[in-house]
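What follows is subunit A paired twice: with subunit B in the first complex and subunit C in the second.
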Partner chain A sequence: MADEKKLFKVTIDNITIEVEPGTSILQAARRIGGDVAPPAMCYYTKLKGSGGKCRTCLVEVAAGSTADPRPMPKLVASCRTNVMDGMVVKNITSEKVIDARNGVVEMLLINHPLDCPICDQAGECHLQDLSYEHGKEGTRYEFERRTFKKHDLGPYIQLHMTRCILCYRCVFTADQLTEKRVHGVLDRGDHSEIATYIEKSLENDFIGNIIDVCPVGALTDKTFRFKNRVWFLKPVDAHRNCNHPKCNGKATLWYRGDEVFRVTARKDQWGEVEDWICNECRFEKKKTSDWEIEGPTKVNRHSVISQGHYVGTVRPQEVVYDVMGGRAPKLLMDIHNVSEVNRPEIDLSKLERPAHSTDFSPHEER
Partner chain B sequence: MGRKLLLEKAHVEGIRGYDVYRREGGYRSVEKALKTMTPDQVTEEVKKSGLRGRGGAGFPTGMKWSFLAKPEGVPRYLVCNADESEPGTFKDRYLMEFLPHLLIEGLIVSSYALGSKSTYIYIRGEYAWIPDILEQAIEEARANNFLGKNILGTGFDCEIYVHRGAGAYICGEETALIESLEGKRGNPRIKPPFPAVKGVWDCPTVVNNVETLAAVVPIINEGGEAYSKIGVGKSTGTKLLSACGNINKPGVYEIDMTISVEEFIFSDEYCGGIPNGKRLKACIPGGSSVPILPANLLLKTAKGETRMMNYESLADGGFPKGSMMGSGGFIVLDEDQCVVRNTLTLARFYRHESCGQCSPCREGTGWMEKILKNIEYGKGKSSDIDLLWDIQRKIEGNTICPLGDAAAWPVAAAIRHFRDEFEWHVKNPVESQHRNFGLAHYADPLEVVPA
Partner chain C sequence: MQPLTSRARAVERKPMTMWERMYLPAIAKGMSITFSHMFKKKPTVNYPEKTRPFSPVFRGLHVLNRDEQGRERCTACGLCAVACPAEAITMEGAERLPGEENLYREEKYAAKYEINMLRCIFCGLCEEACPKDAIYLSETFAPANYTRKGFIYGKEELLIPNPVTEPEEFAKAQGGRVKQ
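Presenting the complex of A and B:
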């Protein structure tokens, strides 16, 4: 019988589990799951060398190990700190951690444009989730937010540098998936930016994956841009026989009605890509006939994407009259009085496809 | 007068050249170490000397050397950190400019102790003229068989290379320096692994400050024990201080850490007092990132003892009531200086020099600078002071490298000790534009809290 591997016992937020030596605190916490898993904005399991930068996954180590039970003096980045036998970690049970994390979230947001209403990432944005969980309702930042000169990355990928949180994931992706990285981080400090030094388009066969690894809306798909909101789409697992030797053609198709709006790699419950897909699968194959459908993608029920089934929903009871003691709210302006698109009877949620101007046209009877 | 070990011969004419340096007793330590000692004995002498890192943190050098991993068949490296970029610190420049052979000598001995066959000097890009001086010294040393193959016939090979930085403060942080030396973007690495295990090209590496490595020369010449008798307590040997600001005689001074802060500022042997009959208001005793102290806390500790120029005494009282020896950049502010302005200048520096890797430092440094700018230019609010305090608190300790702490400490200390000056700026936005707060009560004797 082979020697049994010694497992390390680690206690995170009073829950003890056994993990293999060499596991990071973050991975151990993810094994427990739920709220115990610290948020990670820059760490990516598949990317070697990632992590440690965003500081959202900071945890307190209350006891280093059984052999050396001293606490660690500073909060540590759980994604880059390995567990020791007998380690005691405090994540959500530590006030220090919550305070530091709130601080990091505030710092991440002070220069973020908060343009979620027009951002394609909204609904699947990690920063959005993070700020809902840890952010404050108001900001203490009273200065002009940072902006950048526009930079074109070619026909597939749109860069919005103002949204970037400099997680370096796309840099690691390009380093590890492509032969030669043509983009990187220029400059330093608060004016550092993702760019190609001389305007150049990103053209590697696998470069599309940087869209998937981007935790925010800094890198978005130009073929999907402004076409739809992700929560209106239904994700469906599918595969195809891809000719690219390195691509196994497993992807997620995002449908609205019977139209494929975009193709992404499949992601696990932590939002991390399972298999990288090539540019051809991602950008060129947008017909159902290109793919073999496997079935609906499992989506976490807390995700806004699983909420996107508007057909047949019941409108909640209107309470405003009760609140106002029977009085009707005073309308300053009724859009229907001034709009040419005047079809108040149309219920957008009943449309199984993107709304179009013809839906509202007063001259066209449906 | 204190003893001088490093700068003793600095004024001998022609000391920059090999011949004069050798005639004045140079390279004795190389002969002694290589011919009569084993590498471990050299390390042992350095340990005995109690030498502490002169770059800022003050970590015992001998201990750092003994941490170096020594796996078989893997090269080890010694890197000399000459990326001296801390505002107020210019002691290494002086040393390299006037006594280049002293550094080379220290490097050879240290390389021998650590087993480094390729040793690097990482010098900041702004010291544009110094690499030439160092390279000439290296050439001369090689011509006299102190470098290259089979040094002095002992079988030890060593080469020293000078590497120029490209102008980034962050590359003075040892892991960022290593990244930069490898030709990458100078982002600090996440520790562990520490450089002693995985440093340059993933090989065990020791990074030491210029002054630390130069101090190895007198340690070997005189023996570790003799060296440890100079100074007080754990502050052994001599320390170079670069004094600047409102003093009569700015410059680099070598002290043996037995004098008081008051003596250092006011005696004619050192800074020579404050010009134009002005009074002392505040001082940053160890380079821009250490906490600023008002005059009353600078000259006497919270316990009422006289504050001395050494590691322990300067740090007495912790951060609330003390400061740090740091890298020895001694900045003196007289009563005409504005602490808000000074803090803004430092905040601007750290904003500019943040590498941009971790979010708290990248975003927080810029935020602090903007708030300080508002306060300085009469647009501040009283809530801004608390906000500043909260921002610095959230940066400190939450970043990969100590630059976050270095950016937070000056702001924290300025608010801690000079809060009324900040408040005065906020409450008198117009007056603060043409008048300074002045000395106020910052030199008044403090009530001694019995220990």
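Presenting the complex of A and C:
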């Protein structure tokens, strides 16, 4: 069997790597890692048939293979092009690729509302990252951005169609994870949108995963909506014994203080979900007692999510009580008595919906 | 040793002359300087009756801005809090209900917004970070207070008066700084 294991030699940005036949250029580049890996907005390793739509992963093939070393005439989508033996690929070393990618980003942002200050995805948004790297400061688009009629996707998922870049990831997720898909892409061209027929709410056990696969803020968690910004939360790996046969209960909890604000699936370094989690784990288990904590999630230190996380801090031992003979020190000010923010009687994380003005007014009964 | 500046002078240790030992001329010289200052322009002002103009880059107490229609601009995006080096800002966001469109500009707004003025160092980074023109550092000092509690400023203290219903207070709160 040794002769069957022939590996293809492929050179990406002057780095040579041997991969198995049938590997896509994107996967080969991800094996090298770092800046060599092209960004991907629509391709998702765990979803069959995804990719080839967003064109952000375009690369230049300088030599097709050892047998036919002619370059490919056009830039190719690396997620859908398989490697050949002796292929030479240029990604960040090619000016053509960088130029094309900048154009693609501008194209993706044409109809994007850029409402990052409101959007719950901000801070973990792939389009945000991409446009910081490749985007232009201004826009050349002079027309009105497209808007859509609002669709209600049920109590758990919020759809913001204006932010959608039509990557089809959520459609593939619903198709491959759940038995019955009730949402999809309607209409064509500029009018195409993710929607459900006749406002049907999504009620599959795994439908919550479309929130995690969405690279932008088009699909967000309604139970977490507007409650906090992701960079103020601390991600913690945890697991629980889930009764659902297909769910292994491995998730990331997002804490603020002692409150679990949201639960997401664990993501790898490419922002892709490691294990799908069921709706019960995601939306209904928001107490620490439901979970077994494994430890803090490793966050890239360049990510905004790592801000304000003080690693390796040790709480000093309180000696005041011993010195004062057991008496409590008289504080000049205890911030929790004064502050109106994060009051214990207003527990936002326990709300099933976004907070409203009625939740904060003390005289009104909730 | 090489001197650092050219201003160093060696101390003279000569004994004083007769003229110098009399002291009276030196006193007269000193008094003339003193009396001449009486006729010069006074550099002080009678605060608080009179106030000095603020420098154009002065950074004082924060205000939360409203738009022309009197709606709150802040959307609780948290960029001021993340930019704040002193971690003085905290907030809680909420969703705008139908019927509250005249109160809040966007569908998300800050239900609670707090600045701890004891922590604040008035660096102005929150103003720079704000994408919505919502927070500004005004030409006011944080007034003195007897308790620390008084330095936790909530939305009631920070919000600028409504330009539609209270135009005079709004103009006063805007201060003398000309808006470009």
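For this structure, a couple of remarks:
Please note the rule applied: the second predicted complex is superposed on the first by the 303 of 366 C-alpha atoms of A that agree within 3 Å, B and C clash if a C-alpha of one lies under 4 Å from a C-alpha of the other, contacts with A are read in each partner's own complex, and residues count from 1 in each chain.
The rule is short, and it goes like this: a contact is a pair of C-beta atoms (placed from the backbone, for glycine too) under 8 Å apart; a residue touches a chain by one contact, two chains touch by 3 or more.
Since we're looking at a predicted model, the values are computed, not measured.
By the document's definition of touching, of the two partners only subunit B reaches A:A77; subunit C does not. Once the two complexes are overlaid on the shared chain, A:L7 sits clear of subunit B and of subunit C alike. When the shared chain is aligned, no partner comes close enough to touch A:M324: not subunit B, not subunit C.
By the touch criterion defined above, A:L348 lies against subunit C but remains apart from subunit B after alignment on the C-alpha atoms of chain A.
In the superposition on chain A, contact of A:I293 is made with neither subunit B nor subunit C. In the superposed model, A:V185 makes contact with subunit B only, not with subunit C.
Every residue of subunit C that touches subunit A in the complex is listed here, in rising order: 75-79, 81-82, 87, 90-95, 97, 100, 106-108, 111-114, 116, 131-132, 147-149, 152, 154. Subunit A meets subunit B in the complex at residues 51-56, 58, 74-75, 77, 80, 99-100, 103-104, 106-108, 110-111, 140-141, 143, 146, 165-166, 168, 184-185, 187-192. Partner subunit A is touched in their complex by these residues of subunit B: 168, 170, 185, 190, 351-360, 362-367, 370, 387, 393-394, 397-400.
Of all residues in subunit A, only 115-118, 122, 225-229, 231-232, 304, 307-308, 332-333, 335, 338-342, 348, 354-360 touch subunit C in the complex they form.
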